[in-house]
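You will see subunit A twice below: alongside subunit B first, and alongside subunit C after that.
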Partner chain A sequence: MASSSRTTSPTKRLLTELQTYQSDPNEALLELGPVDDNELTHWRAVMKGVPGTAYEGGLWALDIQIPSTYPLSPPTIRFMTPICHPNVDFKTGEICLDLLKTSWTPAYTITTTLTSIHQLLTSAEPDSPLNVDIAQLFRQEDYVGAEALIRFYTETERYVGRRR
Partner chain B sequence: MDSSFDLPDSTDWIATSLPSFEPLEASLRCEVCKEFYNNPVITQCAHTFCSICIRRCITADGKCPACKSGVSSERLVPNIAVREIVKKFQEARPKALDLARHKHDETSDSPSAKKRKLDDTDLEQSEGGRQTRSRRTKSSRRGDGLQGAPIQIPDTDDDDGDFEPDDLPEGMVRCPICQKPMKEEQVFSHLNNCPDTTAQTSETGRGKRSRSNNAFSKPSQQRRKPPPKQSSPAPSRLPQLNYHLLKEPALKKKLQEIGIPVWGKKELLERRHLEWLHIWNSNCDSENPRNKRELLKELDTWEQTRGGRAQTTEARVMRKDFDAQGHATMHKNQFDDLIANARRKRESPKSDEVKEEASPTVAGAPDAEHRSEAQPTAEFFTQDVPKPLEGCADNIASIREKVELVNRTGDTLASVRLETISSRGMPASAAEDELPSGSSESAGIANPFTSPSRKVPMFALPEDPVVDVDNSTQV
Partner chain C sequence: MSEEELAQFQKLSNEYSADQNTTGPYVGERQSSSAIATEYANADRVYQIKTAALPSQYAYFRTCRGDGHCGWRALAFTYYEALLRVGDVNKLEEEEARLQSMHNLLNQVGFQEHVYIDFAEEVYMLLQKLAQSLRSMDGNAENILLETFNDYGTAMGIITFFKLLASAWMQCHPNDFQPFLEYPLKTYCSDNIEASQAELDHLAIGAISNAVTKPAGFAIHVLYLDRSEGTSIDTHRFEPVDQNGMSITNGITMRLLYRPGHYDILYKAEDVPAPIQQQPVPAQAPLQVALAAGYAEEFVPRSNNMTDIMTMIPGLSYTGLSQQWPSVSYDYDPSPAPQPQLQPVPTYAPAPTPAAPVASSHQEYVTPVHASHVGHAQSHHPLRLETPITLPIHNSRPPPPMAIDCPAPPVTIEKGGPFRPSMYELEPGFGSGQLHHLPFQTSIFRNSHYNTAHYLNPDFQPEEWSPDSEYATGNRGRLKSTSQ
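Here is the complex of A and B:
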């Protein structure tokens, strides 16, 4: 019965997404999956830095909370590893991305959302900053300083190993 | 995790010999639920979704998930072509995937499937290929058959002497069923109408192939005759209600008329009615509408998972309307315990420190003049300080008394100093040598007691650095 699988619970779709990721991994990610096999609505991802940018070689853990209304409402994603980025809060890891708030549509998946976050790394919006310090450097066009600062944090705050 | 579940998914094709089927299958899947379209409907912006998925989305935000333009549930129209394609694709999928996978397995050692195909038209190459093929399983042989590739299946069997390696011109292949040569692109269309489908089943030595023939021709046979389903006249769609204009009793009455449960508060009634609209109206878009009992069962499933009987296990995600005050009062005991624990922890090491600090300050007092020099190093030795006094409870007690005395009077320094130094086991001579210089600094004595921050270095001074300094001055 095809329609019974279309229940309102996000479980089936999350399993499909997980399967999709496993057979077609996302290049932006090192790993992605539920934190715990029994808890399918709490995922964790490790994102890779973009080669050729200041984020090169970085690794960041992300925490993904999936609401029961998923995919009608967006997942809550935040950086667990501190990242120096104008649109990410350094302390809480909150991400300022319209995709995660107003312009979410059910057509997005966890993987595509993480790809968008990965793209945000290279296309920052210093005009709606969550990290004022680095955004200020960008706005004053001190790109050398900004890059140095980002490289510093990318190196010092690199995610290492599996911690739960 | 990998083996614990197995869901069909468009990426299944990636690792096979037909990776180009991945986008094909992906385009036959709903963007919302990521499954094959079920009762696909087309929106006014010309996007296609499962009926129930788009209806839920419209209830949620009224926008098309693909292009975000406004859509309305009244203007959804069943997309019959897509429905047929999905249906047929789903029927063909398991076998096609199976074949594609086996094909991939056997060609994985050769550079590419394409190259193999061309090579096999050559006589020598097909001779070489024969050896590997004899080890092949039945299903993989079937794989060759469907590909329509020039690989000739029956050559593996010894009794298959009638087979002769063909020398067809390039681009020409034989039908795996009737052996008729034709262009490679034509094979698939030919297979649907191959007149030889049943003719060869009785032939010996080709039993395996004929089995695959039957399996393959099945969908095509079905396609010839349209589904004979004669459904009752399609049920009519239910209209939306404006819940703001309806009072609870009126809404209950509406629900009763429809025939769905009426328990719960108004908010729940609204949600249940909305869900019923989704289920009912999407069923109206279906080719074979289900009866109301099945729909009610589905509504019951909703009730268990999301409706009134759903367990609110969502505590992990903090909701927007989270009642922080209520949470705080509810768990006050736990918070209090934690606070008490934290306080206790913070106080206990402090009391130890006080004990240790109090005693040696007096001993350190005379060395006030060295403080400035020794301060930087003093910090490094603070950790070792407790040692000299360890296990000397009596000494500590007597020292305390002296400290109090000093605090009160301030002029009994000499005696205090002498006794404390001897009690700490320091060489008396060294201590006495200090005396003349240290006793004059009365101002330095008063300060350490008033400012707690300065106690630490003083406390540390009597240790090695002091002795070193003295030695160096003496030498």
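Here is the complex of A and C:
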């Protein structure tokens, strides 16, 4: 009786978010939206690198799975394009960010979450690494080596639209 | 207690709630709080002592599922429940308007309207449903509230709005909150207030009380049931005050029971409106009479502070008695006017006339001589609490005739007056509001100069025999019982 349509599916909220994004795009993103029009709970984003950092010029595709309990539960976001970052698993693209887990709040949206991921690029936490190799370089304060490694992958793994 | 011990207890508490409270309804039915004492009967002494004293002060409690949202759920639920206790449609509309005006606050700290509006609408929708129910007087408001809070999505929407309000309030009043924090308020709010998984904490209750409940005139009492020193449960109060620090509550208090890591809802007996607990009353009524009479005879005078000691004597516990409290006196609401949905009239319906044969004979006997011997019916039981105790058995013949016959204005029975102390005086103000409207409680009173019918009373007014009122009361009683 008490359950309105909104509470059983996140559709209305997602449509609002999509509209808001289209009228007010996110600087950090190249594109954002559902993978196809029939499935509103599966989105894809393409994130831009941060100018002036080792990630400059990079492009990464991200896969966004939205649970039916959204926005009470966070979306599951992972990098499809490999990225060299201490808090991102290079193979699976899993992101270690408290916002995607314990500190998720329903007041976040998909775009604000992606903004936070974008900020993570420049504020890595090498102490809780998913990518041990690059984290080790950071911990040894080998910033030249770290930057070179990141630049290498940013260049070679750059997202180039739908491949093949 | 060291930090490690504390952490250990927190851990135990978390495990406890993990296996005990993760099933069942999100918000349970109201039940007798003696269940809490029973639950802790085998716990260590601190808990035993503290919980043994609980049912005498707080007659009922309501569980919240311990899924990490229990505190917020309890807070939001009791807020709505407090509004229902006001029982005024205007109040509900007023609150909706006031909460809507607080969107400014949310916007100010950077929440986007299109994000929070869905949650806000859940809050308003429930207010509107409750208002609708009050307006139509279908008596269903409590059920709507309970059902809504047992719908996970809707309840979480409401909780989320409260969280955002608390967060916005804290960020707009940094001076009130930042001093308690070691890191930036903004970070604290997003991690510990807004976050889906964040549990209710003390600062959040403070924020909600300032933002929502104090302006509405409600007090929040949080009872801390933990293993700290002492024999009673500590109460933290968040009460509305004016500029001079004087309490300006409208008499409605939201009560939360906090056990480390978990919140439930508590009620004093007078918090609970009459009709709700009517169903179990008739069956218990005859039992009440017997109990009450027994206490009148075996009465042991003792002071209030004896209670804790008494509970330590093996086998002597008044929790058993307290279980009977639900049917004591609260089914009679002498001032139903401000609470239109709480008309006492329907409460007589479920009382089957043959269920209380004793009561009927009482009435037959008393009614004809009512005017001249008003106190007679009570004279069997000279204790001041007798009247409330016997009230349930009057269900078949409602009590109002007594008030009608009374030539005196309502008299307040003063504590510490010429009466012997009673164990029922455990709680100051217990039953206040009901008792005061029932004059001629005892034969002692009737024969004292406090009675306006006594020639020494300054407002002396002799008792007058009025045949009209006598027959009227007889008819009235019969009409009441037959018209149902």
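What we mean here is this: the second predicted complex is superposed on the first by the 154 of 164 C-alpha atoms of A that agree within 3 Å, B and C clash if a C-alpha of one lies under 4 Å from a C-alpha of the other, contacts with A are read in each partner's own complex, and residues count from 1 in each chain.
Convention: a residue touches a chain if its C-beta (ideal position, glycine included) is under 8 Å from a C-beta of that chain, and two chains touch if they have at least 3 such contacts.
What you are looking at is a predicted structure, and each value in this text was computed from that prediction instead of being measured.
Student: A:S103 contacts which: subunit B (first), subunit C (second), both, neither?
Tutor: A:S103 contacts both subunit B and subunit C.
Student: Regarding the shared-chain residue A:T92, is it in contact with subunit B (first), subunit C (second), both, or neither?
Tutor: In the superposition, A:T92 contacts neither subunit B nor subunit C.
Student: Quick check on the superposed pair: does A:G33 touch subunit B, subunit C, both, or neither? Answer first, second, both or neither.
Tutor: The first partner, subunit B, only.
Student: Pick one for A:S23: touches subunit B only (first), subunit C only (second), both, or neither.
Tutor: The answer is first: A:S23 touches subunit B but not subunit C.
Student: Tell me the contact category for A:S128 with respect to subunit B and subunit C: first, second, both or neither.
Tutor: neither
Student: On subunit A, which partner touches more residues: subunit B or subunit C?
Tutor: B
Student: Output check: A:L15 vs subunit B and subunit C. Expected answer is one of first, second, both, neither. What do you get?
Tutor: A:L15 sits against subunit B, while subunit C stays out of touch.
Student: Applying the touch criterion given at the start, work out whether A:H42 contacts subunit B, subunit C, both or neither, answering first, second, both or neither.
Tutor: After superposing on A, A:H42 lies in contact with subunit B but is clear of subunit C.
Student: Name the contact category of A:L72: first (subunit B only), second (subunit C only), both, or neither.
Tutor: Once the two structures are laid over each other on A, A:L72 reaches both partners.
Student: For subunit A, which residues lie in the overlap of the subunit B contacts and the subunit C contacts?
Tutor: Shared contact residues on subunit A: 2-4, 6-8, 12-13, 16-17, 20, 69, 71-73, 103, 105-107, 109.
Student: Can you name the residues of subunit A that touch subunit C in the complex?
Tutor: 1-4, 6-8, 12-13, 16-17, 20, 69, 71-74, 98, 102-107, 109
Student: Within the complex, which stretch of subunit A touches subunit B?
Tutor: 2-9, 12-13, 15-20, 22-24, 33, 37, 41-42, 65, 67-69, 71-73, 76, 103, 105-107, 109
Student: Which stretch or stretches of subunit B touch subunit A in the complex?
Tutor: 1-2, 4-7, 9-12, 14-15, 22, 31-36, 38-39, 50, 52-53, 56-57, 60-61, 63-66, 68, 275, 282, 290, 298, 301-302, 305-306, 314, 316-317
Student: Inside the complex, what are the residues of subunit C that reach subunit A?
Tutor: 111-112, 114-116, 118-119, 122, 125-126, 144, 147-148, 151-154, 156-157, 160, 163-164, 190-191, 194-198
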